[in-house]
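Naming follows writing order (A, B, C, D and E), and every chain is counted from residue 1.
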Amino acid sequence: MIQAHVFRDGKELTDVPVEDLSEVRTEPGALVWVDVVSGTVDEVAQMGAEFDIHPVALEDLQPEQQQRPKVEEYPGHVLLVAYAARQDADSHRVELHELDVIAGQNFLLTFHAGRPIDAGSVARRINAHPELAREGSGFLLYVVLDELVDKFFPVLDAIGGQVEDLEESVFSGRRDVQNQIFAIRKDLIAIRRVAGPMRDSMVVLLRRDLGLFSREAQRYLQDVYDHMIRIVESVEDYQDLAAGALDANLTVISNRVNSVARNLTAYAAIFAVITMISGIYGMNFEHMPELAWRFGYGWALGLMVLGAGGLWLYFKRKDWL
Amino acid sequence: MIQAHVFRDGKELTDVPVEDLSEVRTEPGALVWVDVVSGTVDEVAQMGAEFDIHPVALEDLQPEQQQRPKVEEYPGHVLLVAYAARQDADSHRVELHELDVIAGQNFLLTFHAGRPIDAGSVARRINAHPELAREGSGFLLYVVLDELVDKFFPVLDAIGGQVEDLEESVFSGRRDVQNQIFAIRKDLIAIRRVAGPMRDSMVVLLRRDLGLFSREAQRYLQDVYDHMIRIVESVEDYQDLAAGALDANLTVISNRVNSVARNLTAYAAIFAVITMISGIYGMNFEHMPELAWRFGYGWALGLMVLGAGGLWLYFKRKDWL
Amino acid sequence: MIQAHVFRDGKELTDVPVEDLSEVRTEPGALVWVDVVSGTVDEVAQMGAEFDIHPVALEDLQPEQQQRPKVEEYPGHVLLVAYAARQDADSHRVELHELDVIAGQNFLLTFHAGRPIDAGSVARRINAHPELAREGSGFLLYVVLDELVDKFFPVLDAIGGQVEDLEESVFSGRRDVQNQIFAIRKDLIAIRRVAGPMRDSMVVLLRRDLGLFSREAQRYLQDVYDHMIRIVESVEDYQDLAAGALDANLTVISNRVNSVARNLTAYAAIFAVITMISGIYGMNFEHMPELAWRFGYGWALGLMVLGAGGLWLYFKRKDWL
Amino acid sequence: MIQAHVFRDGKELTDVPVEDLSEVRTEPGALVWVDVVSGTVDEVAQMGAEFDIHPVALEDLQPEQQQRPKVEEYPGHVLLVAYAARQDADSHRVELHELDVIAGQNFLLTFHAGRPIDAGSVARRINAHPELAREGSGFLLYVVLDELVDKFFPVLDAIGGQVEDLEESVFSGRRDVQNQIFAIRKDLIAIRRVAGPMRDSMVVLLRRDLGLFSREAQRYLQDVYDHMIRIVESVEDYQDLAAGALDANLTVISNRVNSVARNLTAYAAIFAVITMISGIYGMNFEHMPELAWRFGYGWALGLMVLGAGGLWLYFKRKDWL
Amino acid sequence: MIQAHVFRDGKELTDVPVEDLSEVRTEPGALVWVDVVSGTVDEVAQMGAEFDIHPVALEDLQPEQQQRPKVEEYPGHVLLVAYAARQDADSHRVELHELDVIAGQNFLLTFHAGRPIDAGSVARRINAHPELAREGSGFLLYVVLDELVDKFFPVLDAIGGQVEDLEESVFSGRRDVQNQIFAIRKDLIAIRRVAGPMRDSMVVLLRRDLGLFSREAQRYLQDVYDHMIRIVESVEDYQDLAAGALDANLTVISNRVNSVARNLTAYAAIFAVITMISGIYGMNFEHMPELAWRFGYGWALGLMVLGAGGLWLYFKRKDWL
């Protein structure tokens, strides 16, 4: 589905058919944004022809093509591949959604499957700042990327919450901690995989003189870059915290084994004392004076209680029980 | 709350109303410092208008906005986001407090919630060095950052003390070592998270020619940079020491399990010998000569004492008990 | 085996004998590709003489010589050493196959043992794009490297699948997890060993001005570079995931030991209670009232069932069984 | 205590009072070295005034001020903060001693507490090479730093010896290995903490054109830089070796637990067999033919010896004992 | 021992006494190579005077002086410190042998103790390529370094073989794996310690314009650099593989402990069942019907066989035995 938005002097024109775009965009003060949602091969080719996109760039825009985040410079436009993160409502696992952007002097093409950005919200923000839309595609690109990057923060917050929970799970000795840690680490690796290259792409966009964006627009794009750095740093911090939780978990498990082993030692010794005494008075010697005592049985039971109780106290004092 | 301090030729003028600031700051030899403590949205907007602050910078100054430490250059001023560390008196956990600074040629705006710097102390230091205040905002910025950065050291010292304690805790076999290590690591990650970017920001402030600060002021700012490096290095050292304590703790726990297991083996063997002997003399064979002996019972008890004592000695010699 | 392909103005000429190559390649618009499959020492020397290859480069082309991936600049040509990865059908282990390339202004020599590239497919792709073949050896080099690099992806996908399986194996407690992790890590190290230097070689090819390839061809080569980055990043991600699986496995094993030890404690205690009771009623005291009871035996058995059952319930409640 | 040495044309002048230093150092061919040992605040201030030292540098020279190793450039002089390592004779722990140096064109000031350098030895070496002392402060600085850096090597050798011992301790199963590893790691972190920045300072001294030292003197200073690199590399190697020893220790401990557990299993089984047999013949059935046998008792004992011996052999063969 | 080789126009002259070297080397087309094997202090001094070597360089050439690998530029010559690796035939441990080289425009001095290079082989290779010897000392340096660097490969192959063996040792559960891993890691650290700086030295030799070697010679030296990179990469790969083996070993040990613990549980339970039954029928109640049964004994033995056998089957099915 192709949705075109045309702005002139910051005001949105309505009802411009897709066929007229190439004409409209040559007019001074015009800014064209085409949002291709779940575009077919034909639609992508049409846009390529309309906006004179380089064949190598065009190949990367094909649906079903998965690219890593990058910025590539072509004559008259740049290609930007970026990703939004989202947490699946059911599995709570991180999902990544690709967004491809072609940015020219006064046009911007976005290709995605509907998830990474909300086109309506982008349009609203541009209409609210006509003075910036007037400056070319830079501010529009900022709004698109800002929408995209903002999707990372709730995901990171959710992971942050999971990491916090981890700590409690570890020290309260929950059983499935390891699965949780493993899942969190997988999610963090997935995010890092796109966030790192996206941050590096932003550097290229800001540092290299592409001649496409105004200095003012670059100030806004700098903000996106700051957010990307924060995302990458958060991922690293959570990785460190998860590693800490892992270490803690291993120690907690070791401690538990230790404590169980101590318990075992202690109770085994207590039972062994009782068994030992009963074994002794179960011997069949003809001459065992205690056996004939009136209260021999009581004496034996007493010995058992005394031995077991004494040991029990001893172990309690040694903190083995 | 907005608190304005105006200096002319290094001397503080009193009773300059906030409304006159824009006028005063154009006078030669003037230096204006405005300290906005827990500023409202309106107060921030007022300052933005008064000092002609760039809208992107202004957005970062909004209360409730959490930024990562950074330096950003705007026409006529720089934005600096920094943090002070503090240890909560009760929980002993590290807290971080944001300070936003706008530094222009001859004015400095500080935005914070009261914790990161003590405005009174800053004012006293500037009044004590009128010759430096005369040189523009650079020295003032130095004093503010110096106050801020100095807050890190007691926190690091406290963590250093905790790390020292860790060592003792580990080797004396305390139980909650793991929680301590985990808490220390979390604190260190929190500090590193702000200290690293702050150090990098100082490099930008020192290396990039911003045209705002005198060469002399930069020498002072270099001192702040040195402190930031020391803070980052201390964090890394403590992280290494904490990792060492963690390793040591795991080994100590392993050793304890080991020692308990050895004890178990040893005592189990001793009891088993006694039980074995009593089992043998508890058999019901008709022809067991010992059973009829006058001192058979004593003989059996003697065997038990001998067997158990012999084993006990053997284990003692093997250092298993 | 030497197989020569000669293109003029993008069209392939047929039946050009190897002896005429040096003559043909001086004609304007000519592009010569010689594919040496499992070349002998003589064939390599022949090509070296024909295309005026530097003796140091020639040495690296010798069969049986294993080089690390690299790019080396010589007067009039570059030497490129690259590798393709392949998964052995039986052992599922990664194999690496070397490809040496000599690229000049309008000629390309490839030396390999048949595995890394499919010459037929390369020829088909060049014939399909005559306009690019016209531009010199750059596009041809792109096609060759693209074929080569594409061989990495199925291998990485297979490893990705193994890593996914790992997770399940770990948490379902399979025994041979450790061998799998070890094998995966070995494969990843093997791939990284060639992929890292290959990525760095591509940088040299793209950044350094070799004067051999057109700007258009470099755009295509950039694509190969992107793929190499993606391969290296995938390897790193899989290494992280494998490390995570390893940690998880250690914890799972620890947990299992723990659970077995708990079981041991519990059942040992249950049996010990029964043995204790039977031991007590096995003592030979003359005065043990229970022994003379009508239902003494049932009483003892009842005590045993009660004691053992009580303990069993207690352990169940403590989640020890 | 202030000790001044004045050289003219490489020869040391005697009895130059401290008050005349500022005058003497303006004479051509003069070289002044002032060694301030455990200087008071007043003495430092006096030197600052005498040699026109920048107030920021002066602050770093105050006694009780602990600086990190660094080089700072001021008009007419550089400040160098360095450290010497020393091993405490009793505790065998590493101690660090600060040395602050101010180096100008033809003067050198050293501030320390007596430990980092031996002033007598420095003076002797300068008197032995008058031709180099003639070239300005560079060679003098080299001698001072060489003395300082040489103090690291015996400390590193001692640590190297401890690391060697570690290996033996680990494999002979000594108990306090963990404490040793922990102590070594702490020492290495302490040394790395100063050695890394010192190495980086030397780079600044060598690479940046300070205009203070002759090309010849820089060749000598390069030697100090080489030593610093070697120190840093040694620290890293020892850290790796200590990490290896740690891993080895954990495995050795695990193995020991394992071996004890195996022993336990084995002996428990042997005793259990004997107890089982005696238990069987301790049953009170009326009809147990063996009980009435003439050599029933011997038969039972024989069975026990056979069972226990057989198991013992079995375990020996399985290497469990 | 001093051994001089003089080449003129690529041909070796015979019988040139050491005293004439300084004269010979000024003739056009001359190339002088002096090989000092286990040189004394006097011989080193003599060479220093003969070839006008800088005193700082000379100091590094002294016998008994251990240097780290480096390149240092002096007027008219460079100093190169390098190492060869060798595996001791008996202990199979890595040994390192130092080689110091002084390379000037048309002379090369080598200082070593006989092990790092084979002078005969070097001389043979130079005589075989007179055209290259004519170009100055660059090719000679290449041959010397090539001989040296080639000594690393058999050592690395041997370590590679040991790493391969490790894998088998680990999974077949051999006991001394830990010692092997520790020894391999030590060897790898030793090699890395010299190989890393040697690789960096080669970069200096290639990148920095020393004006000593022809462009052609540098192509050859590039080859030595490639080998050094390969050596460093191999060391890193082997370190990773050894780390993998270490992890695997820890898991294998854990698994073994686990399996022994399971075995213990299982057999203890089986014996406990038998003991329990015999305990019950060993009680002395007057009214125990089974005791009077004709086949009571058989019944009890049957119960034991049934109980023990049942448990045995149960554990087998649970894979605990």
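Everything below uses one rule, namely that contacts are C-beta pairs under 8 Å (C-beta built on N, C-alpha and C of every residue); 3 or more make two chains touch, one makes a residue touch a chain.
Everything numeric in this text was worked out from a predicted model, so none of it was measured.
Q: For everything except chain D, show me which chains still form connected clusters by touching.
A: Without chain D, the chains stay as one piece.
Q: Enter the minimum step count from chain D to chain E; a value of 1 means the two chains touch.
A: So the least number of steps between the two chains is 1.
Q: Whole-Å distance, chain A centre to chain E centre, using C-alpha means?
A: 41
Q: Could you please state the distance in Å, as a whole number, between where the Cα atoms of chain B are centred and where those of chain D are centred?
A: The separation of the two C-alpha centroids amounts to 25 Å.
Q: If you look at chain C, which of its residues touch at least two other chains?
A: In chain C, residues 250, 254, 257, 261, 264, 268, 275, 279, 282-284, 288 touch at least two other chains, as defined above.
Q: Indicate which of the five shapes (line, ring, star, complete, other) describes how the chains touch one another.
A: Graph shape, chains as nodes and touching pairs as edges: a ring.
Q: How would you write out the ring of chains in order, opening with chain D and then chain E?
A: D, E, C, A, B
Q: Write out the stretch or stretches of chain E touching chain D in their complex.
A: So the residues of chain E in touch with chain D come to 54, 56, 67-68, 70, 72, 74, 175, 178-179, 181-182, 185-186, 189, 193, 197, 246, 249-250, 253-254, 256-257, 260-261, 263-264, 267-268, 271, 274-275, 278-279, 281-284, 288, 290-297, 300-301, 304.
Q: What part of chain E is in contact with chain C in the complex they form?
A: Residue list for chain E touching chain C: 167, 171, 219-220, 222-223, 226, 229-230, 233, 237, 240-241, 244-245, 247-248, 250-252, 254-255, 257-258, 261-262, 264-265, 268-269, 272-273, 275-276, 279-280, 282-289.
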